[in-house]
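After this come two complexes, each holding chain A, first together with chain B and then together with chain C.
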Partner chain A sequence: MTLGWLGEALASAPVEHALVAGTEIAFLSGLVGAFVILRGQSFAGHVLTDVGTTGGAGAYLVGMNGWLGFLSFGVVASVGMELTGGRTRGERDLATGVVLSLALGFGALFLYLDAQLAHANASMAVLFGSLFTLDPALVPWISLAAAACLVAMLLIWRPLALASVNPDLARVRGVPVRAISVAFMVVLAVAVETDALVAGSLLATALIVGPAATAARFTANPLRAGLTGGLLGALIVAASVLLSYDSYTWLPQHTSWPVSFFVAALAFLAYAAAAGADRATFRRRAEVELR
Partner chain B sequence: MNPFLVLAFPFARHALLAASFVAVAAGWIGFYVVVRGTAFAAHALPKIGFAGASGALLLGVNSLVGVSLYSAVAALGIGALAERDRRDVATALVLALGLGTGALFLSLGNLYAEDAMSLLFGQVLGVSSSGVIETACVSAVGIALVAAFHRRLLFTTLAREAAAVRGASNRMADWALLVSLGLATSAMMPVVGALLSFSLLVGPALAARHLARRPWQAIALSVALSLLITWLSLFLSFSLGWPVGFFVSCLSALAYAASRGSSRAFARKTAAPAA
Partner chain C sequence: MTPAISFCDLTVSYGSRTVFAHLTGEIRARQFVGVLGPNGAGKSTLLKTLAGLIRPAGGVVEIDGKPVRRRNEAIGYVPQAVHLDEDVPLTGRDLVGLGLDGHRLGFPLPSRRRRDAIEAALAEVNALHLADRRIGRLSGGERQRLLIAQAIVSKPRVLLLDEPLNNLDLASTHQVVDLVKRLAHEGQMAVLLVAHDVNPLIGRADEILYLANGRMAKGALDDVLRPEVLSGLYGYPVEVLRAGGRIIVAAGAIDGHGHAVSAASPEASVMLP
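After this line comes the complex of A and B, so read on.
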């Protein structure tokens, strides 16, 4: 019987598009997320989602494609944040915060104007995602963007890893640290803003940080962490899409539960399980060393 | 409409009163946020509070209860997770989980976009007289909490080793700040909304830090700036009809930019004779 609804779900075109675009971008997010964790840029990653809100809301306002709005604002903000970065992490966070609050303010204005112009659903789509109503024409473009980001990540992988762990050594070795950082931020922006289509701009953080933080509990090797995080992310999105499809029948009032809820919940569960398992092995290891 | 004539209506007076309490709390608590550099938590807790408010709407209970409960639990969760993993990761994970449940509440409650919008961006004209009292109480408790921990919050930030030697617990201070952030959030939610309470927390305090030299000076200046920004935003919003939060965020950024510029000019002037 389970296969029955699964087959039915897989046969539906919106579910298929959601699965294809969602898993692709989730894989990229997990991969990129490994470096977000390594470089301590969770806040920057999260800020990009909020800046994307402004872009998406603005795009709806002028009747443009939402994804392009997300992307253009995200890429500009990511480059700007990287170039104006402060000295310490706290300082950087506060400077980021001012930019973020300004972006949120304009986002509020755009969403308000969207609502005034009777695009009430536009604001919900921007904030909470609308994977099932994804424009089929966008799917190849999303695949293309994901593939381009993947290639870019592979090209800068080694210098990026070195620059993230030890920027001074990287500089001595002749790695263009700043250019690499900017390139990484652009890839991050593309991943984050496309996640916003899957899970909504409020929840894109879950896909960037969740799977990667889970993977980071097990391995310090960025390649292994990236691949594990990517696969885990893809798995989470696939499961979320199917669960959301199935949840229509869970409650008597027949509302399908949002994909973004399942993404966030599964990502957190995976992390909690990993943290528990990690602590158990850590204790065992510590006992061995004590002996 | 003339913004001063609007004050003849009770709803406008309620809005002004509630906004003033909120502004004092935000300016005060924001000082510690800036000193300790916990901008991410200050941004995450209001968003989580939004989820709590949508849960309260779903269950039909007072939204202030929902927000306070949800953001207090989230604050403790961030504090507990941050002991085992990096702080930004812990914050991001709790934030994502909170917002995920918020999305679920909104869709299960069949709430319309307008409900979500008013939670996210504030609905200051809907504040009732009992709402004003609630806001005042919650703000006061939040301020009392950080004021009680004032010395410890500063000590553990500015001289961490010395504080550890003297046995001042950083963890208690941390949790006190997070919980009072959660409280301030729930007070701010109806006024400026979940997304922009962050602006009011960080903007005035950052501006004050560039101008003041002593902690109490900075706190007083931050509270004053935050009051000024809030009143101006309310009047602008009354007269133009745009969301309050938009003006709050613009004015906060403006205050920050102005204070940074003036402190830089001042530094150059004092440096010049010395050279």
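After this line comes the complex of A and C, so read on.
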């Protein structure tokens, strides 16, 4: 790799769009991920990707923009899950599971119809991402959505944290717990469904849970974990975009490896390294205490 | 002096089912009251009604002489032990800080006053050493002490604890009850603690509020946990057995078919005839 290669990559419009949209949404995802861990909602995040599959596949079917398809289904499903689910974690998971199977059923139908009706690439794009074929007109909208969600997250940060660990005290102090939970689910849906463009709906949660879980190994404070997770996610996506661009010259030649592969691989490597480092310090601390 | 909590003619129903009706009573500052009764008697419902979280069908609740309202910093609320995964990024300090300003928008900015208030609350519950530990890696008793610190960091007048002793071992149970007693007496708070089992409260709670069958009895422990009082509440014969300093409340024990209605395990009270 030489600087000349990097300059050439950055001069390419699809790469630039991919970098801008990808890193912005990855930062939001890491921030959101800290709360997904705090609230034990990684299952809900996963369901939103499955629901997104249906929306994305449906969008291709009617010739609509894929992102809007992902987004509309994800937002509706997230609000629906939060409002129909019970107050306990178990009840919530049940409601979530019911939504999931319905969504996957329609997803199967739409993907099948996509393949039959001349959108042969639709299933690959929906399931594994389509960052390089992003419509340039969408990029500012993605930036706007990411920025709005970021502001919303920072605004509801404290009441959301209190509502997550002690909902009754939150209600006593006047926090509208239900409304805040719904707001969080909508932000989560925007993050997950836009990640689906980057990494595909199958791997979208890699950007929600991976970087945040890695950051949570280093720092025990939610805000710091969220910001670190966001930066790590943005780095992973930037590296993945560039590696995917470069892989055109790898084996087999003249075929780029998908961005989603690099995202998943790098997210895993970061987590494994953090877990290893954490265990090592834990052992060292235990030895010091034994002495 | 105005009582910290007072409730008058309090009735709460869920749909057509009345949980309890026409309850009247008051709790003064520095008073530690244990709330007992069988499952489904409405212990938690009473606590939530006093906290202003449930709107009663009838009657009024007053905190410090004023009708209870939302957005209340005069009330601290401690839930049952919460479950959190080991790696959740939240320290004891973060948890307590949320009790101070968790209802405000934005994220907490570090300040001297905020840090001092948090450390004072941690010191109150002997948990300064847990300040920077992850709460997911603490024991149930340690976590419960942090939740109490979270509830008292805003210096409330009233502290409500909803089954805080569930899932705690015996040593932690006594530690938490002793702590709550000290907070009531030294911290000038009115404290209500919902429990399944009367035994950890013996010699510690100032009064018992016993709920059963939609009615309540309130007074000193030895005045309330008497067969004639509890039989009157339940509406059928109830025995109060004392053995080795422990108390077991049992239904219909005289005919030899006794069922414990308020013993150490919550399941014991499900077997009501």
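What we mean here is this: the second predicted complex is superposed on the first by the 276 of 291 C-alpha atoms of A that agree within 3 Å, B and C clash if a C-alpha of one lies under 4 Å from a C-alpha of the other, contacts with A are read in each partner's own complex, and residues count from 1 in each chain.
Here is the rule we go by: contacts are C-beta pairs under 8 Å (C-beta built on N, C-alpha and C of every residue); 3 or more make two chains touch, one makes a residue touch a chain.
These numbers come from a predicted model, not from an experiment.
Undergrad: Looking at the combined model built on chain A, do chain B and chain C fit side by side or clash?
TA: Overlaying the two structures gives chain B and chain C room side by side.
Undergrad: Which partner chains sit in contact with A:215 here, chain B, chain C, both or neither? Use first/second/both/neither.
TA: Touch partner of A:215: chain C, not chain B.
Undergrad: After the superposition on chain A, what is the angle at the C-alpha centre of chain A formed with the C-alpha centres of chain B and chain C, rounded to the nearest 10 degrees?
TA: 80
Undergrad: In this superposed model, does chain C or chain B come into contact with more residues of chain A?
TA: Touching more residues of chain A than the other partner does is B.
Undergrad: Which partner does A:225 reach: the first (chain B), the second (chain C), both, or neither?
TA: After superposition on chain A, A:225 lies in contact with chain C alone.
Undergrad: Per the contact definition in the header, classify A:108: touching chain B only (first), chain C only (second), both, or neither.
TA: first
Undergrad: Just checking: does A:40 make contact with chain B only, chain C only, both, or neither of them? Give me first, second, both or neither.
TA: A:40 contacts both chain B and chain C.
Undergrad: Report for A:161: first if it touches chain B alone, second if chain C alone, otherwise both or neither.
TA: second
Undergrad: Mind working out whether A:169 is in touch with chain B, chain C, both or neither, as first, second, both or neither?
TA: Second partner only, chain C.
Undergrad: Quick one: is A:260 in contact with chain B, with chain C, with both, or with neither? Answer first, second, both or neither.
TA: In the superposition, A:260 contacts chain B only.
Undergrad: Could you look at A:124 and tell me whether it touches chain B, chain C, both or neither (first, second, both, neither)?
TA: first
Undergrad: How far apart, in Å, are the nearest Cα atoms of chain B and chain C after the overlay?
TA: Nearest C-alpha pair, chain B versus chain C: 6 Å apart.
Undergrad: Do chain B and chain C touch any of the same residues on chain A, and if so, which?
TA: Looking at chain A, the two contact sets intersect at 37, 40, 213, 217.
Undergrad: For chain C, which residues count as touching chain A in their complex?
TA: It is residues 48, 51-53, 70-73, 75-79, 82, 84-85, 87-91, 94-95, 98-99, 101-108, 132-134, 147, 150-151, 162 of chain C that touch chain A.
Undergrad: Mind pulling up the chain A residues that touch chain C in the complex?
TA: Residue list for chain A touching chain C: 34, 37-38, 40, 154-159, 161-162, 165-175, 213, 215-217, 219-225.
Undergrad: Quick check on the complex: what are the chain A residues that touch chain B?
TA: 37, 40, 42-43, 45-46, 50, 88-91, 93-94, 96-98, 100-102, 104-109, 111-112, 115, 120-121, 123-124, 127-128, 200, 202-203, 205-206, 208-210, 213, 217, 251, 253, 255-258, 260-265, 267-268, 271, 275, 279
Undergrad: Mind listing the chain B positions that touch chain A in their complex?
TA: Against chain A, chain B makes touches at 34, 36-37, 39-40, 42-43, 47, 84-86, 88-89, 91-93, 95-97, 99-104, 106-108, 110, 112-114, 116-117, 120-121, 193, 195-196, 198-199, 202-203, 206, 242-243, 245-250, 252-253, 256.
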